[in-house]
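Going by the order they are written in, the chains are A, B, C and D; count residues from 1 in each one.
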Amino acid sequence: MMVKLAIFGTGRIGYVHALNAAAQPDATLAYVVDPIDSPARTEIAARTGARIVEPEAVFADRTIDGVIIASSTDTHAELMLRAVEAGKAIFCEKPISLDFKRVTAVADAVKKAGTPCMLGFQRRYDPNFRFVRERIAGGTAGKLEHVVMHTRDPSPPPVDYVKRSGGMFRDQAIHDFDMARYLLGEEIRTVYAVGACLIDPGIGAAGDIDTAMITLTSASGRFVQMVNCRRAPFGYDQRLEALCSQEVLYVENRPSSSVMIADTRGFTTSAPMDYFIARFAEAYAAEMVAFVDMLTRGTAPLAVIDDGVEAQRLAEAAIRSMETGNAVQLAG
Amino acid sequence: MMVKLAIFGTGRIGYVHALNAAAQPDATLAYVVDPIDSPARTEIAARTGARIVEPEAVFADRTIDGVIIASSTDTHAELMLRAVEAGKAIFCEKPISLDFKRVTAVADAVKKAGTPCMLGFQRRYDPNFRFVRERIAGGTAGKLEHVVMHTRDPSPPPVDYVKRSGGMFRDQAIHDFDMARYLLGEEIRTVYAVGACLIDPGIGAAGDIDTAMITLTSASGRFVQMVNCRRAPFGYDQRLEALCSQEVLYVENRPSSSVMIADTRGFTTSAPMDYFIARFAEAYAAEMVAFVDMLTRGTAPLAVIDDGVEAQRLAEAAIRSMETGNAVQLAG
Amino acid sequence: MMVKLAIFGTGRIGYVHALNAAAQPDATLAYVVDPIDSPARTEIAARTGARIVEPEAVFADRTIDGVIIASSTDTHAELMLRAVEAGKAIFCEKPISLDFKRVTAVADAVKKAGTPCMLGFQRRYDPNFRFVRERIAGGTAGKLEHVVMHTRDPSPPPVDYVKRSGGMFRDQAIHDFDMARYLLGEEIRTVYAVGACLIDPGIGAAGDIDTAMITLTSASGRFVQMVNCRRAPFGYDQRLEALCSQEVLYVENRPSSSVMIADTRGFTTSAPMDYFIARFAEAYAAEMVAFVDMLTRGTAPLAVIDDGVEAQRLAEAAIRSMETGNAVQLAG
Amino acid sequence: MMVKLAIFGTGRIGYVHALNAAAQPDATLAYVVDPIDSPARTEIAARTGARIVEPEAVFADRTIDGVIIASSTDTHAELMLRAVEAGKAIFCEKPISLDFKRVTAVADAVKKAGTPCMLGFQRRYDPNFRFVRERIAGGTAGKLEHVVMHTRDPSPPPVDYVKRSGGMFRDQAIHDFDMARYLLGEEIRTVYAVGACLIDPGIGAAGDIDTAMITLTSASGRFVQMVNCRRAPFGYDQRLEALCSQEVLYVENRPSSSVMIADTRGFTTSAPMDYFIARFAEAYAAEMVAFVDMLTRGTAPLAVIDDGVEAQRLAEAAIRSMETGNAVQLAG
């Protein structure tokens, strides 16, 4: 069985998804959609044979099996609803919308229609994070008792991006919220968050924060602690510790080089890979394999529409906690 | 100038302090006090020449310059007050008392009398933690923006100890509260803590917790995140990350061995030193040097009476936060 | 400018070269040659559009600019000579021939004809080894004083392979001999080698060794020490230490995972990537870029025909040293 | 049983041995001997109660059970012979003499008289090296196949010291020669060594080398590779790799600090402990325990007189190999 796909958006992540989709033996990338005539749009068309079209052409083409939505966040919800209507399977980048009411409405529509839908939480597809999850699930590690996660960007994003991002909780920490649920295998009941602009005054002027600390308590009473930050002095810092009764599982940073230099200062190993597209290259490739598998074999993906809803619910709660200074309780 | 000292208590930490005190060229350990006729008491007397006496003998001897209080917690406050009265300088192990009102009362007495007094926050004297503090103070690291600390014991303490300990916040986390203040160089204004008994049901039955996550916000709006736990599957876990604008400073665990073993599982390095007495051997030795320096040269110690009060104030706030589910504000 | 290439051989390394060649924007892979109708041959043809032909077709086609020789070792010399005759540029895997007289004869022919020729010492194109070379060349590291190299395969190769390989010195250690010359930037004058079959009796029965220790002295009197082995208990072990006057540069193994596991045994990090094709993926890709650059822009490659001759000269000397028990002097 | 000891020599190592000997519960340090009225001699006497005497007084005192010889190398042989004559047990620092004929003569005298004698190869008493030896002996690691050792001093010793040292092979590499025998558990049959003065011209002017590479072949055909050097750019470099059939055992350097610093250069861990007295503090303490145990309980020490002879035999062979350019065969 061969599936026909279309991609919306040709930014950094759209470019990666387009090439990964086209590389699947069981899939053809038929269309590429982007309102901007970017070099990436041209290159994708040239390298994959996809035609550059308007959105309408995608939804009107009954031979298209699935759409990959990697366009700007403000277009996600509408494209998803049109895909539901047109009966196309969906792969969508997070977040679904910055408006949480809209998120739940879209999710309801997807679920009501039974549209196959996969969310772009690529960390679930990273071999390292997945190993941790499976080792816990397999029982080797013993009982998971608490989780610590650190996510720090190499440097603050442009203020322009910050303004459209929905804020650090919805934009960056959402991946950690998702990972917390993925590892614990249960829902979060209490969220406490503090946040401030300690690094880049421009981010503060745009109404956002660049540093946050979050504590989560799960339904069964286990804990998660998160640090989210828009800078690390050495580059991209993306680590996890899962404390289990028999062992601790750590996901460490991936070094950008195998060279170590020793001098009077000591032993210096390389800074981590500092571009998320490179750090998660295997995860992005695995996502497209999973999307095609969902279409051709009905394999359930690791991240579905409700994962997007629940991760964002935690982001919304964290914002409320930060604003009120109190922990926020979520209904069971 | 030669000083004469007396030690109260000959448990693990008392034993270490006694030998370290006696090893100072400028000090004599004249008396050792312990109501129990322990082998350690006998050995200390034999190795240092100290006489085994009742407390009264210490306070009545006008030639005694200072007392080292390492007896059980419930005796600290009274011994300190007697030392104040008798005009002896004080080195006291934390905590001063499990009753915070008593802590502040003792502190008031010490300060009113002008008694030279040093508290046993040995981590301040550890060369690694001290290096971090001095590197930040010296400006090399840039501005300290946030701190993350992990403290996990090798295994849960005996329930009997737990019952007398005042609980994990006052007994274990107090060192991290102190370190937070030491590194930030300012007071904490908000404390949020969650805690639970996730590991050892016996601890829960004794009314204590074995796992806690704490978030602190400082007066100037900087953050500290702490994990405190009564077990790590591999042994003693005692780490710190200080995120500064120019660099990150990490205090890592100290390995117990320099041997690495490689096989099909990968590369295995040794578990950390798992006994705090060994891990902090240099720090304990430095404390006694500092105590004698305070007496002979008037050198200010790194941890004074108010550091004990403030660290415990944070422990009390953490308990209140855990019990109420809300963040606790501390007056400025 | 667009170049047309042909590949000989579709084994593991031929497969990689074929796809890397075809991926170059400035190159077309026109032909694939392999006497065996392997699945790889079919796949290469399908994915790159190359036609499956006999060798004659390649050399007869005047539009072919270069040939990539990745066929079995016993065919290298003849294919190179035919390429020289037909005026095709050459990329050839090492070794040129197991018969050293033949190696020098082929090299003479290549040089006499002025055929652009690049040898497959991929380690020179690995970003880590290259960094070390450039840092030394750039002067930052100070003067290079001695080099230590360890190369251990994950497990002994099939005896069948061993028999055709020319022995461990010509097959495996040749890369280290090349790296020694690459880093030192001068020729070797003395070679001492010991070798034995300590691991796999089948290798001994086939007349080869599985463990060797080699010491090289350069023309200017600097030293290189090498361990070469057909097994490491944990997988692929491929490391280098370059001792310079200002710093030491280490190329370490590349871990296969970012997960670390801690338990009572200590902290276990992953075994290294154990398949050379994966470990050196970037290097193989860079080789094809360099081959096309040589053809389109005249850029000199990092490894030329004389590098193949000299590395093999050291392998021959090592064999002689092992057989005689004495160090072998090479003419200046 | 209580033993009475005397120490010869109060240099760096004599000072350590004196205090360690005096700290034994079963031993008294009765005499300290040093022709120079050094502050260390005075301090040892003051701290241990030992009397400062001439050598004659030691050998004349029939109550003295053992002597610790840590004086300058040129006095070792004579002091040992006098101890043999006087019936005192011996602890002697290596080497016994720079004249190998003298070494064997002293060894013969010691063995003929049956004098209990222990040599100062402290590395055998280091917990890390000892662990490796015991793990191999215990069978867990499988069969030991080859060994790699690196020993680099932090910086070249004073030329004055070099002149009296007997050269780098007898002075520094002798510890590695001993370790090779200790781990292999058999004798060495072939020695190949190259050496040169690459670092400090002063050492060359004094007729010594500062860099050497050595290959050993054991009686059963196993290999050892050693690098010995008078400098490492980062400090003291003292490592070992023991390649066994089931696992590799590494003894790594011991870091001087637990602080790691991360910035744009990457992650920097501390240089190793750079003073051998500190690096091997536990080993030196264990040696004195073993010396006293030998006297009080007859426990066999880990390094006996023949270990000194055989290690030095390898040093002599290495010198001959370096001078002739050929491997040196040793009789079976």
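Operating definition for what follows: a residue touches a chain if its C-beta (ideal position, glycine included) is under 8 Å from a C-beta of that chain, and two chains touch if they have at least 3 such contacts.
Listed by chain with UniProt protein names: A, B, C, D = Inositol 2-dehydrogenase.
The shown structure was predicted, so the numbers you read here are calculated from the model rather than taken from an experiment.
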item: Neighbouring chains common to chain C and chain D, by label; value: A, B
item: Farthest-lying chain, centroid of Cα atoms versus that of chain A; value: D
item: Chain A-chain B separation of Cα centroids, rounded to whole Å; value: 42
item: Chain centre separation (chain A, chain C; CA means) in Å; value: 40
item: Rounded Å distance between chain B and chain C, as computed from the means of their C-alpha atoms; value: 58
item: Where chain A touches two or more other chains at once, by residue number; value: 232-234, 246-248, 262-263
item: Chain B residues within the chain A interface of the complex; value: 142, 145-146, 148, 150, 152, 190, 192, 194, 196, 198-199, 211, 213, 215, 217, 221-223, 225, 227, 229, 232-234, 243-248, 325-327
item: Residue ranges of chain D in contact with chain A within the complex; value: 232-235, 262-271
item: Residues of chain D that touch chain B when the two form their complex; value: 127-128, 131-132, 246-254, 257-263
